[in-house]
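Order of writing sets the labels: A, B, C and D. Residues in every chain begin at 1.
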Amino acid sequence: MREKLQRGRGKEVEEMAVDLASVIQIWLAALFTIWAYSFAFRDNAFFKFAEHTFVGAAAGHNIVYAVDNVRRYGWDPLSKGATLYAVIFLLGLVLYTRYHKKYFWLSRFPLAIMVGIGVGLSLRAIVTAEFIAQIQSTAGMKVVGVDSFTAFNNLLFIVIVLAVVYYFVFTFPVLHGGSRGAISTFARWAMMAAFGYSFANALLSRITMIFGRLDYVMNTWLPLPGAILALPLALILLIYSMIPAKKRPWPK
Amino acid sequence: MSLFVRRQLPIAIVSITAILVMADYFFRIAATGPIVRDLQNWGIILSAFALGFGAVNLFIVHTRHISKQTSNQWPYSIWLLFMVALFAGVGVFIGPTSTQYMWIYNASYFALSATLYSSTGFYIASGCYRALRARNVQSVILLVVGGIALLRNAPMLAAGYPILIDIDGWVNSVPTTSAQRGIMIGAALGAIALGVRTMIGRETGFLGRRTEAER
Amino acid sequence: MSSLWKKLEDVPREVLYGLFLLAFIIPMLSPFGLPIPISADVRKWFATIDALPAGSTIMIDMGYSAGGEPELGPYAVAVTHHIFKKGKLKSIYMATSIDGVQLWETLMAEVKPEQYGAKYGTDYVHLGYMAGTETAMAKVGTGPMPSTDYKGNSIAQMPVMEGIKDATSFKLLICYTTGGDQSEGWVRQWVTPYKTPYLSCVLALMIPTMLPYYRAGQIVSLVSGATAGQYELLNKIPARGIKSADVISICHILIFAFVVLGNIAYYARKASEGSRKGG
Amino acid sequence: MLYAGRIFAFGMLIALALIMIGCMEMAKKKLPTFRKLAGLDALPEMVGRAAEMNRPVHFTTGLGELTGTVAPQLVAGLAVLGYLTELAAKYGVKIVYSVYQPQVMPIATELMREAYIRAGKAEAFDQEDQIRFLSSEQFAYAAAVQGYAERERPAANVMIGPFYAESQLFAETFFRVGSIQLAGTARGYQIPFFAVVCDYLLIAEEIYAAGAYLSKDPVQGGSIQGQDIGKIIAWVMMFVGVLLTAAGSPALMDLLKM
C-alpha cells in the first residue's frame, strides 16, 4: 500500500513538471514554507517578507469574498427588483463611515443590526445548547442500577462538574471559606487534568500540520530539477539573515 | 436629541433586532418568520461588507509607513499593499476559482497560512519539554495526563499497548469532559450576561469611539 | 555533575528543534509502516455514513481555513471518497470559512468524484462561502437556499437541489473546521432547533472543548483530523493520513523522551545541589 | 403559543436576564464582595521579585479589538494593568505594556498615568518607553514581543486578555528567559498552553472576576454576581437531578425537556 503511495506521488510530480506555471508555483510555495518556519528559530528578513505577503494576501482574499457575497446576496436580488435591498446596500456602505473623523457614528446603525442579530442568535441557542442540555446530560447520569465501574465513573463525573461550577462562583465568599476551599482545589486539579490532555492534543494537531508542509517540500518540491541545490542555498541565506544587522558586514 | 440618535437609537436597534430573532425562535407567530429571514439575509450582506475592514486598516497603517519611510518597514509595506491589490484584482475581475487565482492562492496564501499556524508546534514541543515538570501537585497532574495522552497519540504505541487507549479513553470521557462541562456552563452564563448587557446598553464596545456629546 | 544535569534540563531550543525536524524527516525518507489502531469514534463516523438510506441529502460545511488544511484536508478527502463510493447520496456543500471554496476545489481535485460516476449538479453542489458564520448557518437552516452556486450559476434546475427547502431536508450534517465558531455554531443553529444528526471533524486541540456536546448527545461522532489514516484504512484508500502515521509516532516518542529527560535532570540537579548543601 | 420543547429554555433565559439586570442595579448601591483569586494574590510577589532582581515587568493583552466580542476580555486585562502598574510604581520597578491594538493606547496611557499618580511617583512614568505599540499584525506583534523578552529578560510577565496562537509563542519564550508568569484568557483553546507553561493561571471566567474586582465597576461586578446566581441554579438543578434520577424519578428531566 505504502509503495503504491510513493509511486503515485512520483507520477504526479512528473506530470506536473511538464507545466512551467506549476513548477514556479511549487517553488514559491516551498520557499514560503521554509521562510515561514525560520521564525521558530529567529526573526529575520525572509520571514518578514513572507509574513507581509501573507497578511496582504489574506486581506485581498477577504475583499474578493466581500465582493462575491455582496453581489450574490445583495446585488442579484436588487437587480431583480427587490428594492428593499437598496437600503441594506446603503447601510453596508455606511459601515465605512467608521473611518471618518466626524461622521463615524453613522456606522453604528448597520453595526447595531449585525450585533443585534448576533446577540439574538446566540442567546436563544446558548441557553439550550450550553446550559440546559449540559445540566440535563449531567442530571441524567445513573449512579445506581449500573455496574460498579460505570457508577464510579459517573459519580466522579458528576462530582467534577459540580466542583468546577462551584469554583467559578466568585461573589459569595462564604462558599469558599474554611475547609470549603478544598472544593476549589479539587476543581482546579480536575481542570488541570483537562488542560494537560488538551495540551498533548495540541501537539498532535501541530505535528500533523507540520508533516503536511514538510511532505510538500520533500515530495513535491525537492524532486524538481535544481531544488536539491536551492535548498542548502536558501538555508544559508536564512541563517545569514538571522545574524543581527550590526554584526554582519552587509546589508546593515 | 443628538445623543439620542447617536447612542440610544443604535442600542434600541440592537435590542429590537435581538428580540425579534429570539421571538421567532420561541413563539409560534406567523409575522416574525419573514422578518427574521430578511434580517438574516441583511446580516450576511453586512458581514460581507465588513470583510473589507481588514484591507482598509492595512491601507491606513501601511500608507503611513510608506509616506514616513519607516526604516526597515516601508519596502515591506509597499509589497504588502501590492499583494492586497493583486489578490483583490485577480479575484474580483477574473474570478476566485479561476486558474490564475488558484495559482497565486496556492503559491503564497495557502502555503504561508498552513506553515505559519503549524510553526507554533515548535514552541509547543519546547514548552512540553521545559514546563511539564513534576514540581507540585498541579504540575504532576499535568505531567501524568499529558504524558498518557502523548503516548496514546503515537499510533504505534497505541497499537502495541492497547491499555493506553483504555486509559486515554477514561481521561477523555471522565475528567476532561466533566471539567470542560463545568467551564462550559460558566462560559454560557458569561455569554448570556454579555448579550443582556449589550441589549440594555451597558456593553457599548460596538459603538466604537465616543462622540463629543457622549464625553 | 550538576552542571551536566543543568544542561540537560535546559537544552537549547535550536538543538531541540533540530531533533524535532529529524523526527519528521527520517520516517518520511524511509517509512516504517508502523501499525495504526482504529478508534471507536472513527468507526462510528464511518458507520453513520454507511447507514444513511439511499437518496439522503448531506449538508457539508467546508469550515476549515487554509492554515488547518494539512490536518483536516486528509480526513475530508477520506470521508468524501466514502460518500461517493457508497453512492446514491446527495452532498450539498457550503463554506463558513472564507477559504472553503478554494480548499473544496483542492479536495475535489484529490478525490476525483467522476471516478465514482458522481456528477456536479446531480450528486453534489457547492453553495459557496457565506459571510456571517452563525448567521449564515441560521439562514440556510430556515431557508430558502441561496439561488446560485459558488460560481454564480443558478441552481434552481440542478437535480441535486430537488426537494431541498431548509434544514429539515437534510439527513446528516458534516462540518470540518478549524474554528470554534463553526464547530459550536452548528450545535447552536442546527442541532438545537432541528435535531439534525451532526458529525464534527475538528483540530485535535479543539476536541476537549467540544467533548461536553459529544457526551450530551449533541454530536453523533467527534473526531480530529489527525485520525485521517484510520478512516483511510476503513475506506481502503490510502493517502496522506496513513503516510503521516509514522511521523506522528516518532515525534511523540521523541517529545515524550524529552519530557522524561527533563524531569530526571530536574530531580538529579536538585538532589546533587541538595547533597552539596548538606555536605 | 410557545413552541413545545422551548418553553423551559425561554423561561430560563428570561429568569437569568432578570437576575442579571437586578444584580447590576443592586451593585450600583453596593459592590459585591469577591472571593480571593489565587492568581491575583501572586502579583505583589512577582513585582517584588522584579524589584529584587532589578529587572522590568512585562504586560500584554493579546489580540482582539475593543469593538469585538472579545472586548470584555480586553477590558479585564486593562483593569489588571492599572493595578499592576500601581504595584510596579510603588516598588520602583519598570513596567512595559506591549500593545497590539492602537485604539487601546490612549486608554492605557491614562490608566498607567493615574496608577503612577496613585503611587505618588507621577514623574517616574515614561509613556513613550513603557507603552509600546508594536504592530497590528499577529506575527509581527508576536515577533516584537519575543524580541523584547530575549533582550530585556523581564523578571515577570503578565498576560491577560483574548489570546490566539501567540499564547504558545509568548508562554514558551518568557519561560525560557526565566520570567515568572501569570496568564489568563477566556479563549478556551489557549488556556491549556498557559496552564502548562505559566506559573500562575486565571482560568476562563476568572479574568472577568479579576477585572471587575480591580476596577470596582458596578456593571461588571453586578453582572458577575448575576452569573454566579445562574451557576448556583445550575448546581442545584444538577444535584437534585442526580438524586431524582437515582430515585427513578424523571420529574426534572421532563421539566427540562418542556
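Methods note: a contact is a pair of C-beta atoms (placed from the backbone, for glycine too) under 8 Å apart; a residue touches a chain by one contact, two chains touch by 3 or more.
From a predicted model like this one, the values you see are computed outputs, not experimental measurements.
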item: Most extensive contact between chains (C-beta pair count); value: A-B
item: Centroid spacing, where centroids are CA-atom means, of chain A and chain C in whole angstrom; value: 13
item: Whole-Å separation of chain centres (CA-atom averages), chain C against chain D; value: 31
item: Centroid distance [mean C-alpha coordinates] between chain D and chain B, Å; value: 18
item: Interface hub residues of chain A, defined as touching at least two other chains; value: 39-40, 48, 51, 55, 61-62, 65-66, 68-69, 73, 117-118, 121-128, 130-131, 134-138, 158, 161-162, 165, 168, 188, 191-192, 194-199, 201-205, 207, 209-210, 212-213
item: Shared interface positions of chain B, touching two or more other chains; value: 22, 25-26, 40-41, 43-44, 46-48, 50-51, 96, 105-106, 109-110, 113-114, 116-118, 120, 122-126, 128, 130, 132, 142-143, 146-147, 150, 153, 172-173, 176-177, 180-181, 183-187, 189, 192, 196, 206-209
item: Where chain D touches two or more other chains, by residue; value: 6, 9, 13, 16, 69, 139, 168, 176, 188-189, 192-193, 195-196, 203-205, 224, 230-231, 234
item: Topology of the chain contact graph, where touching chains are joined (line, ring, star, complete, other); value: complete
item: Residue ranges of chain C in contact with chain B within the complex; value: 10-11, 13, 16-17, 20, 32, 34-37, 39-40, 65-70, 98-99, 101-102, 105-106, 130-133, 135-136, 138-139, 142-144, 150-151, 193, 204, 207-209, 211-212, 214-215, 226, 229, 245-246, 248-253, 255-256, 258-259, 261-263, 266-267
item: Contacting residues of chain B [partner chain D, same complex]; value: 22, 25-29, 57, 61, 116-117, 120, 123-124, 126-128, 130-132, 142, 146, 183, 185-187, 189-190, 192-194, 196-197, 200, 202-203, 205-209
item: Chain A-touching residues of chain C, taken from the complex the two chains share; value: 13-14, 17, 21, 24-25, 28-29, 31, 33, 67-71, 73-74, 98-99, 128-131, 134-135, 138, 146-148, 152, 184, 187-189, 191-193, 203-205, 207-209, 212-213, 215-218, 224-226, 238-240, 242-244, 247-248, 251-252, 255
item: Of all residues in chain B, those that touch chain A in their complex; value: 6, 9-11, 13-22, 25-26, 38-56, 58, 60, 76-77, 79-88, 91-92, 96, 101, 103-125, 128, 137-138, 141-150, 153, 170-189, 191-192, 195-196, 198-199, 206-209, 211
item: Interface residues, chain A side, partner chain B - complex; value: 21, 24-25, 28-30, 32-33, 36-37, 39-40, 48-70, 73-74, 84-85, 88-89, 91-93, 95-96, 98-99, 104-105, 107-127, 130-131, 134-135, 137-138, 153, 156-158, 160-165, 167-168, 187-207, 209-210, 212-213, 216
